[in-house]
Amino acid sequence: MTFLLAGLFILLLSGFVAFFTGKSGRAAAFSAILGTLSCLVLSSGICLDSLINGRSFEFSFPLTLPFANFAIGIDPLSAFFLLPLLLLSSLCAIYGSEYMKSPSGGHDSRMSWFFFCLLVTGMTIVVIARNGVLFLIAWEIMALSSFFLVTYEHEKREVRKAGWIYLVASHVGVAFIFTVFAILGGDQGSLDFAGFQAVKSGTLTASLVFIFAVMGFGSKAGFIPLHIWLPEAHPVAPSHVSSLMSGIMIKLGIYGILRILTFLGAPPLWWGITFIVIGMSSGILGIAFALASHNIKRLLAYSSVENIGIISLGTGIGLAGISCDEPFIAILGFAGALLHVLNHCIFKGLLFLGAGTVLHETGTGDMDRLGGLMKKMPFTGACFMTGSASISGLPPFNGFVGEFLIFLAAFYGITSASLPLSLCSIVVIASLALIGGLAMACFSKAFGIVFLGEPRSDKTSHTADPGIPMLLPMIILSMLCLAVGFSGPTISAWLAGTVSQISGIEIPACRTGLKIASLPLLSITVLSSLLIIMGSFLYSLRKALPRIEMETKEPTWDCGYAKSVPRIQYTSSSFTSPVTGLFSTFLKTRFKRPATSETFPGNNSFSSETPDFWQEYIFTPIVGLFKKFSTFLIRSESGRIHVFILYIIITILTLLTWNFFR
Amino acid sequence: MIILLLTNFSLLASSRLDACIRIITFQGIIIAFLPILTVRETHIIFSYPPYLLALVILTVKGIVFPVLLKHTLRSVKVRREIEPFVGYGASIVIGVIAMTFSFWVCRQIPLHGTTLSASALPVAIFTVFCGLFMIVSRVKAITQAIGYIVFENGVYVFGSALLIEQSFLVEVGVIFDVFVMVFILGIMTFHINRAFDHINTAKLEKK
Amino acid sequence: MELFQMTQSSEIILKTHASFLAALLLAPVIPGIINRTKAFFAGRKGPPVLQLYHDLFKLLRKGVVYSSTTGWVFRAAPVVTLTASVGVLMLLPATGAAPALISFPGDLILFAYLFGVARFFTVTAALDTGSSFEGMGASREVQFAALGEPAFLIALAALASLSNRISLNGIFSELAVNSFSNLPVLLLVMTTILLVLLTENCRIPVDDPNTHLELTMIHEVMILDNSGPDLAYILYGSALKLWAFGTVLISIALPFKTGNYFCDSAAFLGGIFLLAVLVGTVESAMARFRLDKVPKMLITAAALSIIALSLTLR
Amino acid sequence: MILTLLILIPALAGIASFFVSSAFLRRSMLAGTAVLHCLLTAAAWVSAPEILLNGWLALDSAGLLFLSVSSILFLASSVYAVGYLGREHQQQQISEEGFIFTNTPESIFIACLQLFLSAMTLVCASQHFGLLWVGIEATSLASAPLIYFHRHQHSLEATWKYVLICSVGIGLALLGTLILTYSASMIEGEGLNLVLGQLLLNSADLQPQWLKVAFLFFLVGYGTKMGLAPLHTWIPAAYSEAPSLVALLSGALLNCAFLGILRIHQVCIAAGQSAFSCGLLVFFGLFSMAVAAFFIIGQKDYKRMLAYSSVEHMGILSLGIGLGGTAVFGSLLHLINHSLTKGMLFLAAGNILFVYKTRISSDVKGLLGRIPVTGALWVAGLFAITGAPPFGLFVSEFTIFKSAITQKHYLIAGLFLLLLAIIFAAMSYIMLNMAQGENSEPVKKESSFGIIPPVILFLLTLLLGLYIPPGLTDILNSVAFIFGGA
């Protein structure tokens, strides 16, 4: 615990150091890296201890604020979120140290580094906080510092807009979390988690807490339709920041919900169903929007929504499992969800870093202007491909393991005796399969369009792999993708403590359940290693073939069309148009069509962009309404002193009459 | 009391500013005699505070205000209140309504013996309302000043009607208040007059 | 709750390997049969049944031509595709008679996702060539896959809930029990799987493997630039894929086992050859759908499987 | 002795500075007064000051609390004033309309500042309702010339509104006082005077009906001065026209008016009428918040926006008091935090106005680039004033909200949160667009006089967000107990 505190302190300190360093962001970046790394090192021991042995530690000293104590603690749940958090943040710091030297970072990056450290500190405290007020404070610090990071380039109009949307979204979320803790706290003087008397399940209070928690934390996690800030904020943020935010910060929303669930006792069935519905809509629609977007970072943001959907599907089947009293299924579901949290943290971080590299080198995130980068930056390409494969849930990468567990839970659910559980499982299977297919489509596009084929514009003309500081984190993350993919059994065994905390099933049961679940994982590992061996054998066989060395280079077969130009290639939008066609109800894509009336049309342009459905048709109108009303009020306020005094008279008269008539 | 009522109504009705000033002077003089009446009621013959008070009020309300107001009036060269927000007939009607309201209000509240007279209270409240109404309904700054004075008279009547004992400080408060008010308003009108060429608060507004 | 049994008698292991190898060997026959059938309906003589073997060997002995646009993804793709198909075969009771090489709860998920791997590489390789035709094929491929995958998985789920097992082995061994009472379910599932089979293996009415108009092609157009050994790998891989789907279909169609290895294998082979004939017949009897009808067909398939699944719920 | 000094020193200094000629001496007198006042207040914390005029003047814990807040604010503003007057002197005044005007003579300005302080002290210390009333009247008189500092027509209008509206309010408050006396005088035997203590002692036999009426008049009267909607109308005008430090002081003034309401509320509680008064307070609180919220959304003028946010926070204060329970504690804490934060914001706004010469928020861009310190303060102030952690207002608002929930006033709590959210959205939109954005001009050097006071205020509110000194907690608790808190 002391180590952890020390790490926390160092982290905070490094932030302030970064604030006071020299004008060139170098020293600042260095201190940030140092801070995050040392915090990681110092806290990893306790985290692993608590993860593996399921132990938990507490520490607290009183603050003078009402309801508040500086109560922190590490238990499997916290540890599970804390480790990837610190890991990813140190990697992002390393990455950023090079990235921030880009021409885009014209202004000095010290502030940015300061807020970076603040963000990491805030997230850490959120995860380990054991007191409502402390949690809220840390939560808001996290939100605000990330806001400042997002609006790093606040000269641009769209950046400011995105920042504002993000700010308001998170603030509204906080309002709900406010309520959650206020209700949970009951009427005792402190909001320590230990002091929360367990709300009886099924009561109205429990349901209220649940609903508010889902709305509050969901707005951070990005449940549809509370997700609107994601596709706005991520494209404009510096890439290592958006990697951090999408990789771990939105997961803290999930963490919050899980943490609240531990206070609520046995869940009724409809909670599970709620989660499954949320998961279904977020997953499918999220990936659909991802398919429709051309900007690579916007695409990644939407795919985060999708992955959050998958996670909540897992949580949902877990909850349903508990309420239908099928502990094994519950364990599988939660384990799958948690594993996917970890995995998404890894590969989404990786993908954002990759996208950042592309942005950094070419200066554009518009996929339709990119292409053929694989030859220019092979390492980045390989890493991005790894990320894409794992986010599409392809074995043997890590993405598959988590989804597999959720699938497994669902299949067991179908074979289980209770009807509602089977129905839930059907939904889960169907949506997971659909999501998987669409994700495959989406990321084969993301990778293929950006890195393969011919360059679509001259933006890619002189680009190369970035320096070590940017490359190293990506490589490490790709390694992790494979490692987690192969060590599925071990890692799932580590989840026991966390799962038991969420599901309320005692640890030994979880251990046995996960051991059972780890057998298939083991055989998957065996099989995939087998296949890899075989693949390499086939490859070498191919090399050994007689006339293989007679390898000739020709241009791509163009079916006799002589004057083929790169622009003729399929673009991201044309690639996905068959799929996106299926979701046209939500994807209101706007086309700027050329008017080709004459026989030989001249130069023309065709462009399409897909606005966010909910922002377009729900939130913007509401905001507009408020604006109108307010302007109306201000106009109608005459400013005549007579009227003002009339107000006073009317007030006193009404009050008197009211008083006497009462 | 009845006289007081009538003064109020005439105030509501009159359009000429100097007439208004004359009326409030008259009102002030009447009010000045209230403490003495109170003395009569409470049978404490030789207690000087009431007389002193009467004297002060006589000087302030009967002499200082009129002079000040006349001065301002002269300095801003307006004779009559033009274009009020509420016409004079309507003002009378509203006055009647206000009067009934104030009587109704007084019926709601339990009174006890020490009051000056049953009618004093409603009249006081009515005066207050008249004052407020003048402030709201008249355009000229100076008329509003007059209205404010009426308002203060009402408050004062109210006080002296209700509070027989040791209400000295309160009266001092009133005088202090009104005095300062007229002072301020005088300055104000002065400036307003300089800023524009006639006293019209409505024109002060932006846009 | 089934644990997977490590302890198998050496004899079973032998049989398993035998049938696995048999599958690997016999797979290329299927396309031959299909073509033969089509030729028969067209009134031609048609290529010999073993034509594909011949092609494969010829291709393996050829050199390769690469587009200058392509990179290592393009070179890796054929290997990966083939490997994935082999992997899938390992999960299946390859000739229906003996259990699969590797079997564990939920292996049917891996089954679906291995094909996913293959598809991912095929598609990216297609995009790697930078040709708009291949891009077109790729885009269609992913669309159909996105719809076909749920249909297939739900169909398997129906079987799982029918047989109360969630490993392919378990399912197929359990189906024999009271399969008559479940006939409607089985029929629905089989229809779905047949449709998915046609889609996944790019057969008419979804795709026309041997047209020469690239605009209409899906799978073939993606491998337009492959040549030599790569093409051989791809062809062999797709033969294996066809065999795999066929296996699933037939194991459902003939759930009964005599217990005698050879009889069962024979029955199974007969079944799968019949299936080939059936596919050939379909190809000769029907025309290609308009592209926008294919999604509808797949959604129908999914709907059918969902109906089947809901029938099995108790 | 302390109390006497507290009241007399500013008064005398004020009167003196009418006649002092040298600007330097005057300004140093101002600063000196402020410092002395602060020191004396601190002394009052240590040793309870004496009681004057047989109990009419005494500094109970509530008074002490309010006094300290005002004193700190005054210190900050007087330091700021030194710089402000300096730069107002140098440059020719050009208003937005671009016509030239002259400022009030500095002597009058400074004198009024000090008189204002003494009046405020009087209000905080007075235990007698008449005296309280006189004090509040005095504050408005002393502050009128301050608001009329820039002598051009808009500030004239603002002052006119301020004076007229406030005096009407004051008049009503006077009526209230009279009625209160009457309700007290109904007690048989020797009628008692308006000293708070005695009223509380035999509050039982106050005539309830009259007491209620009295409360109504107090509420409307002092509410006008405090700026509860719909009586708030003078605030936007006055705040937007007056120089920023004056606006800041009127912040303190609002508190004093609030104290007036609290006193009568205290009597009501003692007389067992708390349900009545609490209900009204809650209603006015929510109503003010709502009005403020909707006037902030479309607001073009950032000083007006700040004014409306003051209205909102006054609403929160009265809401907290009305809710009772722990909310009272929260509300008092909120009073302190709000005064500090709003003070900082007004000073920052003053700097902005000085640099950009406009009050239209859409014409202000890239503060962070042009005047970094003020810009940073502006952004920080935004988050502080909208109650985001780790700032003090978060703690107080959360306390109020929590107690609303604990008392099962779910509707009130919901409205409270909703309005807060709306206000946050609106203010952040306006203020961030001012702070951020591209900026062509080079960085401008900011005068330390203009920077130090707001920075200090900011640090204070940040501190209160993280750590509340136990002594403060104790006094807050005792005050909360006085005003019906738990």
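The chains carry the letters A, B, C and D, assigned in the order they are written, with residues numbered from 1 in each.
Heads up, the rule we're going with is that a residue touches a chain if its C-beta (ideal position, glycine included) is under 8 Å from a C-beta of that chain, and two chains touch if they have at least 3 such contacts.
All values reported here derive from a predicted model rather than from experimental measurement.
Out of curiosity, which chains are bumping into both chain C and chain D?
Looking at chain D and chain C together, the chains touching each of them are A.
Based on mean C-alpha positions, I'd like to know which chain lies farthest from chain B.
Between chain B and every other chain, the largest centroid distance is to C.
Could you tell me which two chains share the largest number of C-beta contact pairs?
A-C
Nearest chain to the global Cα centroid?
If one averages C-alpha positions chain by chain, the most central is A.
Need the CA-centroid distance for the pair chain A / chain B, whole Å please.
Centres of chain A and chain B (C-alpha means) sit 70 Å apart.
How many Å are there between the centre of chain B and the centre of chain C, using C-alpha atoms for each centre?
A distance of 101 Å separates the two centres.
Could you state the distance in Å from the CA-based centre of chain A to that of chain D?
44
What whole-number Å value describes the gap between the mean CA coordinates of chain B and chain D?
Distance between chain centres: 31 Å.
Of all the residues in chain D, which ones touch at least 2 other chains?
In chain D, 160, 164, 168, 213 touch at least two other chains.
Give the residues of chain A touching no fewer than two other chains, as numbers and ranges.
Within chain A, residues 639, 641, 645, 656 contact more than one other chain.
Multi-chain contacts in chain C: which residues touch at least two other chains?
none
Return all touching chain pairs.
A-B, A-C, A-D, B-D
Across the complex, what residues on chain C touch chain A?
Listed in rising order, the residues of chain C that touch chain A are 1, 3-4, 60-71, 73, 76, 79-80, 82-84, 86-87, 90-91, 102, 104-110, 112-114, 116-117, 119-120, 123-124, 126-133, 135-136, 138-140, 142-143, 145-150, 152-154, 157, 160-161, 164-166, 214, 224-225, 228-230, 233, 291, 295, 302, 306, 309-310, 313-314.
Can you tell me which positions in chain A touch chain C when the two form their complex?
Against chain C, chain A makes touches at 328, 371-372, 374-375, 385, 389, 392-395, 400, 404, 407-408, 410-412, 414-415, 419, 422-423, 425-426, 429-430, 433-434, 436-438, 440-441, 444-445, 447-449, 452-454, 516, 519-520, 523-524, 526-528, 530-532, 534-535, 538-539, 542, 545-559, 564, 566, 568-570, 574-579, 582.
So in the complex, which bits of chain D are touching chain A?
Residue positions touching the partner: 160-161, 164-165, 168-169, 172, 212-213, 216-217, 219-220, 224, 230-231, 233-234, 237, 280, 294-299, 326, 329-330, 366, 368, 383, 388-390, 394-395, 398-399, 401-402, 405-406, 413, 417-418, 420-422, 424-426, 428-429, 432-433, 436-438, 465-470, 473.
Over in the complex, which chain A residues touch chain D? Could you list them?
Residues in contact with chain D: 63-68, 133, 136-137, 139-141, 144, 151, 154-155, 160, 163-164, 167-168, 171-172, 175, 178-179, 182-183, 185-187, 623, 626-627, 629-631, 633-634, 637, 639, 641, 644-645, 647-648, 651-652, 655-656, 659.
In the complex, go through chain D and note every residue touching chain B.
Per the touch definition, chain D meets chain B at residues 130, 133-134, 137, 141, 144, 151, 153-154, 156-157, 159-160, 163-164, 167-168, 170-171, 174-175, 177-179, 181-182, 185-186, 191, 193, 207, 209-210, 213.
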